[in-house]
Amino acid sequence: MALFLIRRLLLLIPVFLAVSLVIFMIIRFVPGDPIDNLLQIGSTEEQKTAMIAAYGLDRALPVQYAIWLGKMLQGDLGEAIILRQPVSTLIAQNLPHSLILGSLALAFSTLVGIATGALAASFKDGWLDRLVMTLILLGSTLPSFWLGLLMILLFAVQLGWFPVSGARSWSALVLPVLTIGIGGVALVARVTRAAMIEIARKDFVTMLHAKGVPPLQIQLGHVLRHALLPVVTILSLRIGWVLGGAVTIEYVFARPGLGSLLITSLNQRDYPVVQGCLLMLAIAVILGTLIGDIVQAAMDPRLRETLR
Amino acid sequence: MALLDLSDVTVSIGVLTPLDRIAFSIEAGEIVGVVGESGSGKSLTAMAVMGLLPLIGGRITSGAVRFADVELNRLPERDYRALRGRRIALISQNPMTSLDPIRRVGEQIDQVSMMHLGLGAERARLRSVDMMRQLRIPEADVVHGNYPHQLSGGMKQRIVIAMALAADPELIVADEPTTALDVTIQAQIIQIMVEMARRKNVALMLITHDMGVVAQACDRVVVLYAGRVAETGSVERIFAAPRHPYTKSLIGCIPVEGLPPGGLKGIDGVVPGVANYPTGCRFHPRCSLAQDRCKIEAPLLRALEEGAAACHLAGDPP
Amino acid sequence: MTIPSSALGRLLRTPRGLGAAIVLAIIVLAAILAPVIAPYDYAAQNLRNANMDPGALHWLGTDEFGRDLFSRIIYGARTSLAVGVTSISISMVCGMALGAAAGYFGGAFDRVVTMVVDLSWSFPEILLALILIAILGPGLASTMIAISIAYLAQFTRLTRAQVMALKSETYVEATISLGAGSGHVLFRHLLPNAVTPVIVAGMLATGDAIILEATLGFFGLGAQPPTPSWGAMMSSGTAQIFIAPWIIIFPGLAIAITVIAINLFGDALIDALDIRQRLREG
C-alpha cells in the first residue's frame, strides 16, 4: 500500500506541471501586452520595470515559467489588479467557504445517492424504482443554476425558510448544498443501481444464497459493497463535477468562495486572480482524483495487487 | 425413508418447461451421479433442490421435493434459508466466480459456521482452518487470510468445498464441480470430495457429464436427457446392462485403455433446445433403435428389476 | 447513411421516442421561424411595461426593460441551438479525426493523445470552458470555441475506442493483410462503422452544451446584450426575483424542456440502434 501511494504521488507531478503550464500560458495568449494585463491601469514606469524584473518578463518563456512556478510554490500568486490585495490573501479568505460547500455537497450526494440507488435496485422495476429513475433523469438534465434559482424562489422568497444568499449562517448552506447535491445524487444513484443489479447476477451471489445468508445481508453486506467500487471510481473521476457545480452555485447564491471570485475576476479581467483560482481548482480536482484512487485501492484487494 | 426425494418435479421458467416430471431419490450417505450432456437440465435440478429457482425466474409448477420428510417446495422461505448451507450445501460449477472476490476466503468459510452453528469468530476460524487441513490445503492458516485471486483454481474449489462442509450438512449438491478446472486437478478434487463425503457420511448429489467420474465415484446414477429422467439405477447395473439407448451411448463415450484408434464413439446430433423438444421420446431423433411409436408416445419412467428406465424398448433386455 | 431509416422507424414507434421527436421538431421550427412567430421585437424596450405579469398582452410577461419574454425566449432558442449544434459539430469532427488517427496509427501519437484526453477528462467541462474564456475573453464566438474544446476529449476517446475495436475485427485485418492502403481502410471500413455511436453521443452532448452555454451566459461570459440568450435572461432576472419570478422560470423551463427532449430522443435512438454497449466502450 505504501509503495502504491508513493507511485501514485509521483504520477501527480507531471500532471501538475502540465496543468500549471496551461494556466501560466493564459496570460500569454490573452491579446495585448502581458505586463499591462498584470498591472493596474495607470501604473508608473517604475512599477512596470519592477514587475518585469520580478517575473523575468524580458527573459525566455521557459525561464518565465520557472520563475512563476517557483514563486507560486512559495505561495506568492501575485497581486490582484482590481482588489489590490495579494491573490494568496484573497484565496485564503475564499477557499474555506468553497471547501465546506464542496465537501458537504459531496457527502450529501454520496450518502443520499447510494441509499437511493440501493433502494431502487432492491425494488427493481417497482414503482419506487421508476420514481427514482425519473428523478435521476430530471436531476441529471436540469441546469444546476436554474435549480438553484428555483430553490431560492420557493424556499427563500416564498416560504422564507432559508436566507436568499450570502454565507453568514449555517442555514445559508442548506440550499446551495441541496442544489449541487441533486446532480451528484442522480449520478451516484444511477451508478449504484446499475452496479447492484449487475452484481446480483454473479455466481458468488447465488453461492451466498446457497449458503443461507439472509437476502438483506447479501444485498447490503456483499452486493452493495461491490457496487461501491464503481461508485468510488465515478466519484473520483467526476469529483470535478462537484467542484464545477460549486463554482456555478456559489455565483447563483452570491456566496463567497473560489467560484464567485473566479467569475467576478473573469468579468473584470483580473488575470492574476483568475490564474490563482484556476490553479487552486485544478489542484483540488487532482487531489480529489488521488483520494478516489486511494479509497478504491483500500476497498479492492485485486486493485492493490495490480498497482503494486 | 430416503434423505432426498424428488417426485415428478416439473419446473417452469416463463412459458418454457425445462424440467419435466423429474423423479429420483438419494439415501443418507449415498453418492448419486446425475449425468447428461449440457442442456439436459442437470444444473436446473440442482437449483430446484437448493430452492434457488426464483433467482433465475423459475418455479416448481408440480411435484414435490422432499428432504428428510419435509416438503421443501412448500416450506416458507425463512425456514428454507435456515436449511441452506446448514443441512443442504452447494458446491458450484465455477470456483473462479463462486467466491466473493473482495473478501478473504477464510471469512467466507467462517461465515457459514458463524451463521448456522452460532460460533464466535475465533472458534469459527479454528474450525475453518481445521476443515481446510482435512481438505489437504497446505499452510491452511495462511491461506485463510488470502483473497480468492491469490489462489489457484484447484485451491479455490477446495475452499468452496470447505464452505459446503462447514456446518456439517447431510446433503451436498455438487454441480459439475470440476468442469472449470485443469484436467490434471479434476481427479484430485473428485477424490477429495468423495473421501470427505464417505468419512463424514454426507450424501452427495454429484452432477457431471463424465460417465468415467460416475464409474469411479458413485453408488447410483440418474441419467437425464432433455429435461426428463432417462434411466436410474446402481452403477454396477447401469454399466453392466444399460437399458436406455441414451445411457448406452453415454457409456460408449468413455475412453478405455487399449481402445483401437477411432474406436471412441460420440453421439450423433445434439440435445434439442428447451423451446423445441421433439414429440414422443425426446431422444428418438438421435436413437438408432427408434420406432414409429417412439416419435408419438412419450415413454413413462418404469421400474425395472433394478432401477428404472423411460424407453418403450426397455422391457426387452438388450 | 449512418443512421438507418429502419432504426428511425423503430424509434418513432416508441411513445418516448415519438414524443421527444415531436417536442424537438416544435423547438427547432420555432427557432427557425422566430421572426414569424414572435409577437414583438425581442429588443424593443418599453419601460412603462416593465416586469409585467404573464397575461393576454404578453403571454409570458415582460422583463425589467419591458421586453416581451415570449419573443425573447423564441429568439433565445436560436442562440442556444446554434451554439449547441455548431460547437458540438466542430468538437465531433475534430474529436473523430484525432481519435481515429490515434486509434489507427497508435504509437507515440496515441500515447500523447490518450494522456491529454485522460487529463482533461477529470476536469469538469465548466472549468475547461472557463479557462478558455479566460484566454479568449467573453462573447458568443469564444463560448462556441470553449464548448468545442471542452467536449473534444469525449469524442476523441469514443472514436479511438471504436476504431481500436473495429481494427481487430477479422474483415479489417484481412483487408489490411491484402495490402489495402491506410486511407482506404480508415475511410472505407473503420470510420463509416465508428461514426454512428459518435453521432449519437454528439446528439446527447448537444443537450449538455446547451446547458453549458446557458451557464456561461448566466455568468455574463456568453452572448452579450442585446443578443437574447436563455442564460443571460435569467441572469438579469435574478435582480427581479422578488417581483417578477417568471423572468427566471420561463427561460429555465425552455432549457429544461429542450434538454430533456434531446436526452430522451438520444436515449431512444441508442435503443433503436442497439448500440448501448458500444457507447460504453468509450
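Per-chain numbering from 1; labels A, B and C assigned in written order.
The definition used in the following text is that contacts are C-beta pairs under 8 Å (C-beta built on N, C-alpha and C of every residue); 3 or more make two chains touch, one makes a residue touch a chain.
Computed from a prediction, not measured in an experiment: that's the story for all the values here.
Shared contact partners of chain A and chain C are absent.
Relative to the C-alpha centre of chain C, the farthest chain centre belongs to B. Mean C-alpha position of chain A lies 23 Å from that of chain C. Mean C-alpha positions place chain A and chain B at a centre distance of 53 Å. Averaging Cα coordinates per chain places chain B and chain C 56 Å apart. The residues of chain B never reach two or more other chains; the list is empty. Across the interface of their complex, chain A is touched by residues 119, 121-127, 130-131, 133-135, 137-138, 207, 211, 214-215, 218-221, 231, 234, 237-238, 241-242, 245, 248-249, 252, 255-256, 259-260, 263 of chain C. Note for the complex: chain B touches chain A at residues 50, 52, 55, 81-86, 89-90, 92-94, 97-103, 111-112, 115-116, 147, 149-150, 160, 163.
Interface residues of chain A facing chain C in the complex, by the touch rule stated above, are 15, 18-19, 22-23, 26, 29-31, 137-138, 141-146, 149-150, 152-153, 157, 164, 237-241, 243-245, 247-248, 251-252, 262-263, 266-267, 269, 271, 274, 278, 281-282, 285-286, 289. Of all residues in chain A, only 202-204, 206-214, 222, 225-226, 229, 299-302, 305 touch chain B in the complex they form.
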